[in-house]
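The chains carry the letters A, B, C and D, assigned in the order they are written, with residues numbered from 1 in each.
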Amino acid sequence: MYLNREEKRMLEGECGELIQKSMDLLVKVGEAYDAERMIEVTYAHLIAWELTDILFELFSQMTGNAKVRIPTTVNPLLFNMGRAKELGIPESSMTELERILSRLIKAHDKMGVIPTYTCHPHYIYELRIGEHVALTESNVVMFANAWLGARSNIEGAATAIASAITGKTPYYGLHLIGNRYGKVQIDIGRDLKPDQFDYADYGALAFWAGKSLKDRIPVYNGLSRKMTPAHAKYMCTPQILHSCAAMFHILGVTPEAPTLEATFGGKKPEDRFIIGKKQLESAFETLCSAKGREIDLVCLGCPHCNIQEIGEIAQLLRGKKVSRQVRLWIGTNEPTRILAKRMGFIDTIENAGGLVFADMCAGTGAALRMSEALGIRTVATNSATLAGVVPIRARGRVGVWFGKTRVCIASAIRGKWGNN
Amino acid sequence: MPLSLTLEEEHMLSGDYGSGVQKSMDLLVQIGEAFGAERMVEISSSHLIPYEIMSASRFGVPPAKWFEDWVLEMTEGVSSFRVVTTINPAIVNPQRAIELGFKELGEIDPTESVIKGMEKYKRMGAIPVYTCCPFLIFTPRKGEHLGGAESVAVAFYNTFFGAKVNRESGPTALAAAVTGRVPEFGMHHLDSRYGQLLVEINRGLDSNKFTYADYNALAYYVGEKAQGRIPVFYGLSQNLNVTQIKYLCAPLGVSAGLPMCHIVGVTPEAPTVEIALGGRRAEDKIEFGVEQLQEAYRQLTTANDERVDAVTIGCPHATLQELGECAQLLGGEKVSPKVKLWVGTAETIRFIGERMGYVKAIEDAGGFVVTDMCAHSYSYCRGAFSRKHALGTVATNSAKAAHYIQIIGSAKTWFGSTEQCIKAAISGRWQ
Amino acid sequence: MEIILRGHLASRGRVEGIALVSSKPFEFRHVDTKRGIIFASGHNLEGQSVKNKILVFPYGCGPTTEEWGLYELKKAGVVPKAIVCMSAYPCSTIGAIISNIPMVYGFDCNLLEVIQTGDHLWVDADKGLVRVSKR
Amino acid sequence: MEKIVIKGRRCSKGVAQGEAVVSYNDALAMGADIDRETGLVIAPRHELQGKEVGGKILVFPTGRGSTADPWGFYWLMKIGKAPKAIINIKANPTTVAGAIISGIPMIHELDKNPLEVIETGDIVCLDANKGIVEVIKVKKS
């Protein structure tokens, strides 16, 4: 692997031990994928490290006194301690949670990380088409690749840090145009109405597609040309729950998919599937793991809601009340919350009994970790990510109802899962 | 070919959706006809400019009513906008009007009209971002059709994202938000987007060392010479960041009304010079060197008094990176008590800036990080504020601000790098 | 019967051990970090331990914190001895590198047809080689 | 007296007659370049600087100015200082929007370059609906 003078100096320890370690990790990853050289990255996104002492120790070893070299944002925390009471976090857990969260926040501040605490950080750093970056968090990486046309491999927590403090990444995988072409064509069946797709439909679609992809990049053919970034957001993580392809194309919509030919790089698709009503319904069924219709929590905003989504939720809740038995959590980032507050959406939602949180991961974070303490056994959501991740990781203790946004809200009001 | 409308558009035009939609569609159809559009295109977003920008006159007669009535006509019977709608900064942030010295002007208070305008648009669903950089909230995709005014937003959408948007105006942006349509001409046609004017950065200039002001000067100079032809910048760094591109986009509309540019190796439609030019020969070529850079600086500078009364930064609205740079350049020093230092940005950016400690650093030094408003257009471009606060000389790192202060305002301008501006704020003198 | 398989280095090291073959894409976050037992219901290896095994799977998948799963197994001493897979999901690779576990990927045959649980494997990751001795 | 007829494309409806004021080289912004009290051109270095545009048939190559420009135009109309009509070589959409909302007739894309045909002081009759411009030369050329 070719290293330029600066990279060699980094690897030989002339820029300090932490940079050396980071460069060593990046070189090893580069060797694993036959990268010819390093490239400069302009932006990194980190994951907020988890709570165990073992992982925090690893984080500290990697970061030490290092400062980030490029603009670097960070994923949500597991809790928003400022709103612990409303979340219902028991007093007994507070001290421990404070300890582990505050040490992490302090460490980020020290590194110069931009404390965005969101899985949708694209409001603070605008990526351009073709820009090379180093991002972790599947939703952030895949949105950047697919929707924004930026180039990032799916980084791990460790390599994202290494890139943030060296400004480099090995030049392999999705950084190379030749690896970004579609391999599998997924046609949307004629019995579906993509114009009317809810966020849940997009998630279910990607979840189903992911099962047949392996490492191959899909090209969706037949989705609505009016789909929004929020729709695309829900397609990201579900895809990699069963595949390892961190990219997708939507014909006529995403920047690298103007025509089938261009999207497949002039080659024929290796494989072709149709997703119709039957397949989509089966994805919904698979993602519904709950038994009883009683629900404890309705969790929206996985990934973090944008302003339109919060507006839609507010609209559905206007003049209604969330059932006393149900918690309604909506995750977003703080700038979106500021705008939603101005538009009166937050008041509408919170007057109805819902809570809108920034800075934290409501679904796979808080709901999963605190399910026992908060007595959460059944969650309703429009997020295929949450529905795909939580039941397995909670080892069956938590069941999920997965459905469209309006069904989730109607269920929050009734206190029971169902459409009416 | 006459402009043909879809069934829905015909219904809009015939008044079936109410008179506001009808008036809006009528305006768009007339514009479309004037420019030979054959049809309307559906858009996903529009960016409005608040009409009360007109209601604060330097003559003390706020004809707010004219514009309020006009907006009422255009929105009669419209309960909400049809597309994602964002909105430009107000002339003043009503919450900070007193603190910033707007309420002692002796003219009729503009804040009431500002609040009225904000509420009106908010009720119709406009996202109250109040920034000229709405791309920080709404990310369009390549090839997506948009509506919208504000030259900074338009140039950035076209240049940075490859979205398709004409440089519209206040009325058509509103009509676009109301109808969800714009006439298809200009930037909506791929063919009109190719570059025509090649701008080569002279080897004598190290563009890697360009300050924001240098990018501004480059674009301002080119804009003046372009005569409406879309420039292709060749020879700039391939690693331009958002802030640098923002400064390259901002002056394009100011001096020549250009809706976009190409930056070879950077922007989506300009991987190579040939592609940016659409395979054609450039109509003309500009060599940009030290001499041209200096000429632009001369044009943007009208002051000769070293004493600086005000420093304005954040035109277009500052990014987080710029807030950080201002904080760092202040380096714990105080802004001279004789100088006003305003850094304009969006509230959403200010929030993160607060978390990073940048806002505190700037405000502890005596500067203001102002949000939701333009940091210069009302204050320095209208006479009353400058006269009241005796602001004879304003320093800025923005070509757009310098241009408008010169043309509409009464103050003289110094134009230079952020560093020069911050130093001037501390010492009270331009060096 | 012995078979030699040629693949590509992902994470360095040489080791031998018994194969544990997952027919499904593998997610380390579905392994209990204390006991090393796969808990994902419906998985063909549900209830089995990865400890000291040579884990064979088609490819890794899952949200990006995969490497933590592997690292925590390492710290708990219930880590597999090596990983052999067909496609290398970057997050699995990174996990293997930071946990010092040999890993090889990218063979020109279908691993799942060649290797069965219980086979004895010698892995030389540096050379990208896997020697299979059928049970 | 010489009469010349040229044809162009309608930007904004209406019929008008008046005395021409021509900017031969400089683009014009109806908002920023014109004083909102007196209707005089105030833009520094502009060839029409100090000239009044109110009540005139204003001829210039193209428009410029901020995207709030139409409202500046509307303002001039409200205070009675708007031009009677506008003729451009190639219009800027912002000027057109201003003309439409202010109800001022406007034409562009003529079959002859209006800057070569029309001189300041000429009498110009214009029917924007039909796209016709009649130029009556007052001065002997």
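Before moving on, here are some points about what is shown:
Everything that follows uses one rule, which is that contacts are C-beta pairs under 8 Å (C-beta built on N, C-alpha and C of every residue); 3 or more make two chains touch, one makes a residue touch a chain.
Not measured: the values here are computed from a predicted model.
In summary, the chains found to touch both chain A and chain D are B. Relative to chain D, the chain whose mean Cα position lies farthest away is C. Centre-to-centre separation between chain C and chain D, using Cα means, comes to 77 Å. Separation between the centroids of chain B and chain D, computed from CA atoms only, is 26 Å.
Chain A and chain C, compared by their mean Cα positions, are separated by 26 Å. Mean C-alpha positions place chain A and chain B at a centre distance of 32 Å.
If the chains shown are joined wherever they touch, the resulting network is a simple chain of contacts running from one end to the other without closing. Interface note: chains touch in the pairs A-B, A-C, B-D. Chain C meets chain A in the complex at residues 8-12, 25, 29-30, 39-41, 58-68, 71-72, 75, 87-91, 93-95, 97-98, 103. On the side of chain A, the complex with chain C involves touching residues 25, 28-29, 31-34, 47, 50, 52, 54-55, 58, 136-138, 141, 153-159, 173, 210, 214-215, 237, 240-244, 246, 364, 385, 389, 392-393, 395-396. By the touch criterion stated above, chain A contacts chain B in their complex at residues 40, 42, 71, 114-116, 122-126, 128-130, 147-149, 226, 228-229, 253-255, 258, 307-308, 311, 334-336, 338-339, 342-343. In the complex of the two chains, the chain B residues touching chain A come out as 42, 44, 84, 122, 125, 127-129, 135-137, 139, 141-143, 160-162, 239, 241-242, 245, 266-268, 271, 320-321, 347-349, 351-352, 355-356. Chain D contributes residues 9-13, 27, 32-33, 36-37, 42-44, 62-72, 74-75, 78, 90-94, 96-98, 100-101, 106, 108 to its touches with chain B in the complex.
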